[in-house]
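For reference, chains read A, B and C in written order, and residue numbers begin at 1 within each chain.
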Amino acid sequence: MELRHITKRYLENDVLAVRDVSLALHAGEIHALIGENGAGKSTLMKIAAGLLPEYDGEVKSDAGKVCRLVQQHPQFIPQHQVWENLFLGIEPRTRWGMIDQDAAARRFSALAGRYAFPVEPRMRAERLSAAQAQLAAILGALLHNPDILILDEPTAPCSDHETALVFGMMRDLRNDGRAVVLITHKLREVMEISDRITIMRHGRVVRTLLTADTNPGELSSLMIGEDCQRSESDRRFSFARRDSGTTARTPLTDQQDPATAAQQTSPPPSLRAVDPAQPVFELLKVSLVRRGRMLLENLDLRLYPGEILGITGIRENGLEYIEDILSGSAEPSSGEVRIQGNLPTRYTPRVFRKLGLAYIPTDRLMRGASLSSTVEDNMILLERKRFGRGGLLNRRASASFSAALQQKFGITAVLGKPMHTLSGGNMQKVILSRELSQNSPVVVFSEPSWGLDFRSSQRVHDEILRLSAEGVGIILISSDIDEILSLADRIVVMYKGSFARTLHGSDRVRDTIGGLMLGIESEMSLAAPEDHNHDSSKEPGQ
Amino acid sequence: MSQSQPDSRMQVAVATIGAALLLTVLLLISVSSTPYAAVRAFFIGPFSNRFYLGNMLNVFSMLSITGLGMAVAFRAGVFNLGGEGQVYVSALTATVAGIALASLPALLGLPIALLVGVFTGAVIAGLSGLFRHLWDTDELITSFLIASASIPIVDYLIVGPLNDQASNLLTTERVPLAFRLPRLLAPSQLNPTLIIALLLLAAAYVALFRTVRGYEWRLSGLNRQFARYGGIHTGAYIVFPMLVSGALHGLAGGLFVYGTHYATLVGFTAGLGWNGIAVALIAKRHPLGVVPAAAAFAYLESGARIAMLHTDFTFELGTIIRAVIFLFVTASVLPKLGISTRVGRSIRLLFRGGSA
Amino acid sequence: MIYYAIEVMAPLLLAGLGGLFAELAGVLNIALEGMMLAGAFAAIVTASLTGSILAGMLGGLLAGLLLAYLFYFVGIRMRANIFIVGLAINLLAAGTIPFLSSAMFGTKGVLRLPNVPRMPGLFVGVETGFPLLDQILFGHSFGVYLTVPAVLLAGFVLRRTAFGLRLRSTGKNPETLRAVGLNPDRYRRAALLISGMGAGLAGSLLALRLGVYLPNVSAGRGWIALVTIYLGYKRPVGVLIAALCFALAEGVSVAAQGVLQIPGTLLLSLPYILTVVAMIVYSAMRRVAPSDA
């Protein structure tokens, strides 16, 4: 397939997303398409897959060639079963237009089995984890037997294990003489899997080069452009500094005597005065049961001021539920939550916030923002009471408040425009600015850099480090091991709804975490905590 | 749809309304034996004298209040499908209260009677909100059902126990003379309801767009999950908007009695509640948008009534014309203004995701 | 009473099943009432012209279809507001029928036309020895026996066919159809036309059973049909049960009218009250199980 001089302008917001791009895709290659958010990668590939009808230029491909795009956030109908979603439009049929469910199940199982994708066809789509949904969406595209398969950030919700499965599938297609396009931010993956790389910036192709001829440093400077202040090596350096700093600084572990913790009487919820020895956030034997399923089991956790506690795991192992528990969105079936020593009167986000919690949710579009409200209205959510003068909303005060936040966080947006006009990075900055304006002693971050480009996630990470230095207790839920490793002082790995193990200091090794996430190491490491590296060679993708 | 220039939007709006009017004229000419008189009566009638003008303005006031009652509920993302019944029941309770309090001075008795109406409407609609809050029962269906259940009861009461024996109409006794609102443009039905309606619209605009509560109210309607996440008590913004919506319908019922009819007649609401929904939707759920929407409705309805009085134009023809104009206006103007798609989606969302 | 309830249920069920298709395709058809009314009027007129019950039913069906197509054209093709379109179609039916009636037959009231055949009953006089069973099963007018196959057919089409899957997918998320190159509007149109046929047929049953057209013969049944869809949790069998409940409530109220001397108007509200109570009980019971809201 060949794309020639493609230009696309979005009429709604008058954005020139792709400018005069030409690109050739060869059969039997894995082609990586990289670039920052808004570089035009997804738009270009939507055009290639025929999903955007209006554009200038030419898409040339041989007749009968099938091109399928797996979008970044697969759209499934949650109430329908997986197979119903995937076979929509290509239902195998018997007489009378009846669907041949057996044939569908056979085709599905054959395909899922071939790549060892753990997806159950009869499951309702809403019960899929984000990673499973991604794998299912890939299977859906494969059912169309594509000659060209385009994957937009397929590994974003995936653990290393699932990433390896996806890569295995991609190699298989390549060996079968098909073309695979991988859109991604992750340079490590690009280097590992791709044959050729195209870098895009501001809607243009910067360069296309062979993977064998390049290195991550060159790629990141090409992606970000000459004006960038931080290169990949700078980033490593700053993390290294961070690492040495924390090991020296944090003597706190949760090996403390639980009895002393239990005896602590509830201090008043003062947002400023922090005692470094008092936990600011605790989970005590928290379990969550829904419809008879044990989703979280007997979780204990203690967070101290200034500490960054990382929680990681593969998505269906309870990360989404612990997010709900930590933020007050769900009530534990048993056990209790204490914020600055106080028991919440009710388990609602409202009460949690009053007790001193700020929360950056995974689901930014639905939970973190009101897309049709203005940016300003999104910013003032938590401060709304402050702008009330006898019930009336003081718009002048709220506007200057928002403008100050905008400047402080460097948000590129028009405050009076609806939230949905913002890019992903700016949207996350709006959410951050709002949550951090509260000076809360506890901040829960859930997948704070999902879908963000390098610079935006760097910005988020800087913010997390700054807060920690100010003595704020931080819980960082993330399925990105690199993010967790570079930021967290202490790492809790979740496996099947329990905390498999807590890792400190030198224990915080990539392979160990990977193994714990898969449940490979949990028993073994408890028995012999020193010896945790020997079977992590099973871990694929390293 | 695309956000085109204001100019072209206006052109589309004008063209649509023009086409709708042309069609109306054609319809009138083709069916009427006195086509010229019918067209004239329909279009110019409402402005031809004080009586018709005043009556039209009175219809406008009533529709403004019911339309506003719907708009405030929509803004909070709740749906009150029982407006028709709420107006009717409240009219009756306000009538009964007024008759019972006839010995009080008007300055005391009239407000109490109206408040009884307001309270009745609020309770009827509020129940649906409460059910939704407590048991997740779709407020759209329960409000419709409760209102539908109450209409026959009111009918029965008017015909039976509360019937005015002196009159051979299907009506209650008339309310005390002193309680009746003065006529502004005699002999028409226009009365201070117009002023009340305009004040309410302005107040609702300020409350929704210029207060903290209004901010919470609108946010709950736009994204309930986000509102809850931000610490807004979203449960309250299900019950409270239904209460307010019902209260406005109740007020409409009371004012309809004390300003226009001085009694409750069987079936006298004649679509006030239903048309309120259409007014609110055409008004883009905006209090200030209610003014042109209600005005357009009042004009059409008055035109039809006058044409009916003066020519062989039948009431049904008026209904047909209203339907056709409905279709025209909603089909071509609203999408261009980006209204219908959004409201349509939110309605569908409401239906599907009521429990989510 | 049971016999009467079954008779009442049939039109309600047909309209409800039709509306179910529209609802599942994501189009709220609030014009069921108007479509039923149009179906009733058209059925009497065609039955009178042809002298045939079947032709009458066909006429009713076509009238519903016509309004449904108008609904589709304005509401879906022209992207107008579904709710307003629905209200407009109800208005259109309410205005056009008396207009046509007076233009064609000189009356806006009860329309008693010559040559309208009686709706034949089936299995009249068949007895099993169990009076209750007999009341449920036998001697009903012809249209009632359409309903059971209709429920089965609706279930089959929605659950088992590719068409049904696509229709349901349209209602849940039309983007998924577009993503595989299907046009959601086609399924919305099909769903609306089916709902029009259901409502039109339901109207024809109402009128043909009486043999005359009464103004407002549907008496809110179109709205109740809409409610049965939700009460039945958007499943054909659920609609059947909900329609039966409404019909029984109406049967009870008619029976009570005779026995208790309660005024008829008052009893008109009984079906609605019973429905609200049923809904609340149902929701409250669902709430007892821990919810994840």
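FYI, contacts are C-beta pairs under 8 Å (C-beta built on N, C-alpha and C of every residue); 3 or more make two chains touch, one makes a residue touch a chain.
Because the structure is predicted, anything quoted here is derived from the model rather than measured.
*Asks:* Have a look and report which chain pair racks up the highest count of C-beta pairs in contact.
*Replies:* The largest set of C-beta contacts joins the chains B-C.
*Asks:* Among the chains, which is located farthest from chain C on the basis of C-alpha centroids?
*Replies:* Here the answer is chain A, farthest from chain C.
*Asks:* What whole-number Å value describes the gap between the mean CA coordinates of chain A and chain B?
*Replies:* 48
*Asks:* From the mean C-alpha coordinate of chain B to that of chain C, what's the distance rounded to whole Å?
*Replies:* A distance of 28 Å separates the two centres.
*Asks:* Which residue numbers or ranges of chain C touch two or more of the other chains?
*Replies:* Residues 172.
*Asks:* Provide the residue numbers of chain A that touch chain C in the complex, in ascending order.
*Replies:* 51, 75-80, 84-85, 87-91, 93, 96-99, 289-291, 330, 333
*Asks:* Touching residues of chain A toward chain B in the complex: what are they?
*Replies:* 11-12, 327, 329, 348-350, 353-354, 359, 361, 366-373, 377, 380-382, 384-385, 387-388, 391-393, 395
*Asks:* Mind pulling up the chain B residues that touch chain A in the complex?
*Replies:* It comes out as residues 2-3, 206, 210-216, 218-219, 222-223, 225-233, 342.
*Asks:* Which of the residues in chain C come into contact with chain A in the complex?
*Replies:* 160-163, 165-166, 168-169, 172-173, 175-177, 179-182, 289-290, 292
*Asks:* Quick one: which bits of chain B touch chain C in the complex? Just the residue numbers, please.
*Replies:* 1, 131, 134-138, 141-142, 144-146, 148-153, 155-156, 159-160, 274, 277-278, 281-282, 314, 316-320, 322-324, 326-327, 330-332, 334-335, 339-341, 343-344, 347-348, 351-352, 355-356
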